[in-house]
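One chain, subunit A, links the two complexes that follow: it is found with subunit B in the first and with subunit C in the second.
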Partner chain A sequence: MSHLTDLPAWAAIAVCGLLLMGAAMTLIGSIGLLRLPTFYDRLHAPTITTSGGTILVCFASMLCFAVLQSRWIFHEVLIIVFITVTTPVTLMLLGQASLYRHRFEKPQDVPLKQGPHAEKDRE
Partner chain B sequence: MRAWFPYPLLSTALLLMWLLLKQSVAPGTVLVGIVLSTILAWVLLKLQPPRSHLRRLGHFARFGLHVIADIARSNIAVARIILRSRRQPVRSGFISVDLDIEDENALALLACILTATPGTAWLEHDRREKKLLFHILDMDNAYTWRQTLARYEASLKEIFQ
Partner chain C sequence: MLLIFLLAPFGGSLLVLFFPSDQRGATAWFAGAIAFVCFLLAAGIYPFVTAGGVLRFELDWIPELGLNLTLRMDGFAWLFATLITAIGVLVVLYARYYMAAEDPIPRFFALFLAFMGSMLGVVLSGNLILLAVFWELTSIVSFLLIGYWHHNAHARDGARIALTMTGMGGLSMLIGLLLIGRVVGSYELDAVLASGDAIRNDPLYLPILILILFGALTKSAQFPFHFWLPHAMAAPTPVSAYLHSATMVKAGVFLLARLWPVMAGTEAWFWIVGLAGLSTLLLGAYFAIFQQDLKGLLAYSTISHLGLITVLLSLGSPLAAVAAVFHIVNHATFKASLFMAAGIIDHETGTRDMRRLSGLFRYMPITATLAMVASAAMAGVPLLNGFLSKEMFFAEAIETHLVNSLDTITPYVATIAGMFAVTYSLRFIHSVFFGAPPADLPKRPHEPPRWMRAPIEFLVLACLIVGIIPGRTIGPFLHTAVVSILGDRTPDYSLAVWHGWNVPLIMSFVALSGGVGLYFLMRSYLATGIEGPPVFRLLQGQRIFERVLVTLSWKWARSLEQRFGTRRLQPQMLLLVFLAVSAAAVPLFRRGFELPPLVIRGIDPAFALLWALGIACAVGAAYQAKFHRLFALVLLGGAGLITCITFVWLSAPDLAVTQLLVEIVTTVLILLGLRWLPKRIEESRPEDIPLRVRFRRLRDFLLALAAGGGMSLIAYRVMTQPTPETIASYFVERAYSEGGGANVVNVILVDFRGFDTLGEVAVLSIVALTVFALLLRFRPHPDSQDIPLQQRVQNAFDDDHPDRNAGDSIAEYLHIPSTIMRWMFPVTGMLAAYLFLRGHDLPGGGFAAGIAMSIGFLLQYMAGGTRWVEERLRIHPLRWMSIGLLVAAATGIGSWVFGYPFLTSHSQYATLPIVGKVPLASAILFDLGVFSLVLGATVLMLIALAHQSVRAPRAHARPARTEREAAQ
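== the complex of A and B ==
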């Protein structure tokens, strides 16, 4: 087991900074989820958490364990890659479902479907 | 060569992922990784995904750097909007743009980028009309986002031709 007290001061400061910034980003994302008024606005808030927050926290972890074990550590990059690739699926699904529902219930609030099928859908 | 490695890029990516997960480059690990990535590429061949050819990997790297810079910038911008949202109501809205990309993999990549970027959310793409509907959090920057999207479109077309 490695001990966190072995971390030199410069690395400790950098790791703390990255962790705090990442945590702040995640907190801001959550605040946004709470504060923003409409569903489409709220779609944007969690992306801060998944992009900014995750990346900063993963960098902090990489730096911390790379310095402690004095070797390069890259496998946190996989977390960043997989989260970036999988989040869009959920968000697009939510966005499309909400768009479909709003077009049905309150068509004046959202842009209508364009193209040849539009007339048929509106009836 | 094609018969053995139907998806060279995918196989390379899988091998890289395997090595990262195992955290070693010992000959045994590399060998198992190569076997696994080759077999998984054959499995994918059975699924017959749409194939596209990447050109100009140098352009691809530059495009990636641009995207990372844009994501970092919009992270800060959206954080500011959320923190200000009590005093200053959010002006969000829908934008519809013409998007002349046919390649499915390029579209998937663009969807990932637009959704991973805070402040933009991909909503609907009409393949027949070639129109993309997306939602942005800051309508004051609508013009900038249109320009960014046009830049992405040009780069993706160049890479996926």
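== the complex of A and C ==
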């Protein structure tokens, strides 16, 4: 395996660009998590971190090591696939938990009524 | 050959367990066949042990500690082994008819064979430690056998008393044997037997003697430890016949005889052993007269006869030793047959109470005749084997061995005890078989089945033949046994029936006539039917034992608990942490503890930031732990992740992988447990807190600080220590060449330190079982007993809508997440397999794979619910754990087969289709065991939590539902 200094300039620029973009997305996501007003808004902020940021960083990694080892590298694709598949689970569970809580504590704040409880709440 | 001889009963015992419980005949046949094969083996070995020959078998176990699996058979061991196997065969035949149809037969025969194996082990051990191991094994198996009818309180009590007494004796004997090993410098029996003078002249001789005698005397039920034997009579009669007359109680005298050449002949030996033997001989015989229970009478008579053997061994003369060995054999034959006869009487009449039995001769003449011959042997009537050894005993009793008072009274005590023996033998026969026909018996008595009587017939025949022509029958075997104990000191002795008119004969005559006279004098007293002997019945050994036990295990424990114990977790933790801190602090301060100066250099800002984050998380977790548990848990997870990243940073990918997986599992398991904790409300007005509480909190805080700070100081001190040449470099160099793996950590775990790992996984499984047991008895706080609000709402909604089934809502809500989580299961499995296979050369391994796999199960439980998962997957964590342990241990033992020490691994590469080249060290099997065990342990904890949530709603759902129905 060759060292990082062996990376040609074009690849280095591309890798850096991807890394920076990924880091920037993650940062934006984190700021969003901190600043957005309601829980449901905040719920969306980390998604950009996980999907956008992670994907970009993974691309950077793929590119970097593919050039260094002069072969195609696809390991990171697995990371991307699993991250994108599993993030919705967290999102949905969190969203539903908070929805429940809202319905009991402050029904007027609940953004949108649907699902099995819609009828009951209307009664 | 010896190994087969020893292992056959154990193997048979395991196999018998697999027999269906209704196959009584087949089970008995199999057990009998095993016993018979052992007997044939013993017979086949005989030519090797004649004339002082010794057969040996050695296998290294832990040679560094002088622990070897040495089997050694000489003439004496042969005699015992033959006795054990021969009577074993007969008792199996007898038990076939004795045991009732509803008794679990395979368990009986399995335990029986296991006992036979352990007894053979005691006899054949050529190493003192091995002897102690088998000795304890006999205690444990006899405990299980006495408690075989465990629904019976007497059986349980008897078993417990027997185990406590013999277990205590075994412990003290082990200490004594260890001391002998220290004096001699070896635990090998040959070496010990060769260094008798060294032991007798050692200053430690007296402690050794007392410790070993305690073991031997408790096992052989010698006074004052005799009382466990009568209580052990609650066992099934075949057990009594085998354990409590022929074999186990003889283990004590066996040990005395075995160590006789080494330890006997001193003043202390004579006094202790002689006193115990004489008092047992006399008191046992005296107590036996007054028993109302047939088996009780036989038990006390056994005690008395064991006392006789002990007295003989105490005398320290070679002739007495010959008599002792002879009497061991004789007693086994007539007492086993008497026990069997008592069992037949019990079996055919339904009672063993001599007050209710009488005149049975007319119903079972053959059994009665057999029992009469056997009890005549017990009483020492001429022309029977009991007479011969008793005669030898009398002859020895008259001889003066040491000039002291004990030696002087011996012949008188012997005669009186002989008289008592005649009395109780007569009582046994007369009250059971003669007199008026019995009234109100539970069953109508009749002769037992033909083959149930056969063992008694055989034994009684042996009594007769040995009694009439001893020199031609038992003579050569006895000689072989005696030579192996006494060696050059073997005396000339004659086994003839007729020695002419001499003092022993007169003593016999006095005993016989006196005994008969005594019986007729005492008939009126005995007819009153009072249980137990006069005066002594007030002083019951068992009562005293119980009282001591209660005081020790209950009263003292209770007061200790009241004084120092608490049911609250906090004080317990306080005490624990305090002890830990002081245990670390005291030696450190006494030895001097200096910290090297703190040098700050080359701090990586990113790493420092990382750690700042980690510290913040950890402190936050501690700060929030009381009122915001979920929050604290999240922070804890953060701290864990930082640790994980640190490992990666410091190039420890193995640790990082494991840390990450462990972190996930612990977080989720704690999360599941959080639901059951009671709610805590923060005090609204902090100024109201009383001073005592403030003080307590401050104290706890300081203690926690001391513990944490002390730990970091120690860590700091250790890490700033300049590293000397450590064992690490050795591992790094040898990992590939000797362990066959490039991943040093894994090779250390499964190869270099494989034995440690085996211990660790065993501990892990114990922990998992403990968690499981604790959670099984866990009753949640009333606050958290109800179903959570969300579930209640959903269930109510499902109940209110007739078109919906219970649980529909939750299924709908979780539809997408649970689908994804279900699909992750094969992926997790794949990941686990990957981690497992790469473990030998790259980060991963059995432990990490096991945890990864258990995460897969965790996800399934979370996605589908406990019931859904258990309907679809076969989850047997206990089985996985035990298989894991067995596989790991078997891998270790496997290296024995190839002639290497325990847990030597062998490595090679194999090419699998698709996967490619796979390292195939035998260590991978070991790793497989670790994998299975870790998986089982984690899943066991998981299901313990999961079942809690299944169980709790069930208890509460019913009343809730009925309320609702009533309202409608």
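Convention: the second predicted complex is superposed on the first by the 109 of 123 C-alpha atoms of A that agree within 3 Å, B and C clash if a C-alpha of one lies under 4 Å from a C-alpha of the other, contacts with A are read in each partner's own complex, and residues count from 1 in each chain.
Everything that follows uses one rule, which is that a residue touches a chain if its C-beta (ideal position, glycine included) is under 8 Å from a C-beta of that chain, and two chains touch if they have at least 3 such contacts.
None of the values given here were measured: they were computed from a predicted structure.
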| item | value |
| --- | --- |
| Touching partner for A:84 - first (subunit B), second (subunit C), both, neither | first |
| Which superposed partner A:10 touches (first subunit B, second subunit C, both, neither) | neither |
| Which superposed partner A:74 touches (first subunit B, second subunit C, both, neither) | first |
| Which of subunit B and subunit C A:25 touches, first, second, both or neither | first |
| Subunit B or subunit C, by number of subunit A residues touched | B |
| Which of subunit B and subunit C A:36 touches, first, second, both or neither | first |
| Which of subunit B and subunit C A:47 touches, first, second, both or neither | first |
| Touched partner set for A:92, first subunit B, second subunit C, both or neither | both |
| Residues of subunit A contacting subunit B in one complex and subunit C in the other | 85, 88, 92, 96, 115-116 |
| In the complex with subunit C, residue positions of subunit A that touch it | 82, 85-86, 88-89, 92-93, 96, 100, 104, 115-117, 120 |
| Of subunit C, residues touching subunit A in the complex | 789-790, 793, 797, 800, 804, 808-809, 812-813, 816-817, 820-821, 824, 827 |
| Residues of subunit B that touch subunit A when the two form their complex | 17, 20-21, 23, 71-72, 75, 78-79, 82-83, 85-86, 89-90, 92, 94, 96, 111-112, 114-124, 126, 128-129, 131, 133, 135, 137 |
| List of subunit A residues in touch with subunit B within their complex | 25, 28-29, 31-32, 35-38, 40-41, 43-45, 47-48, 50-52, 73-75, 77-78, 84-85, 87-88, 91-92, 95-96, 99, 110-111, 113-116 |
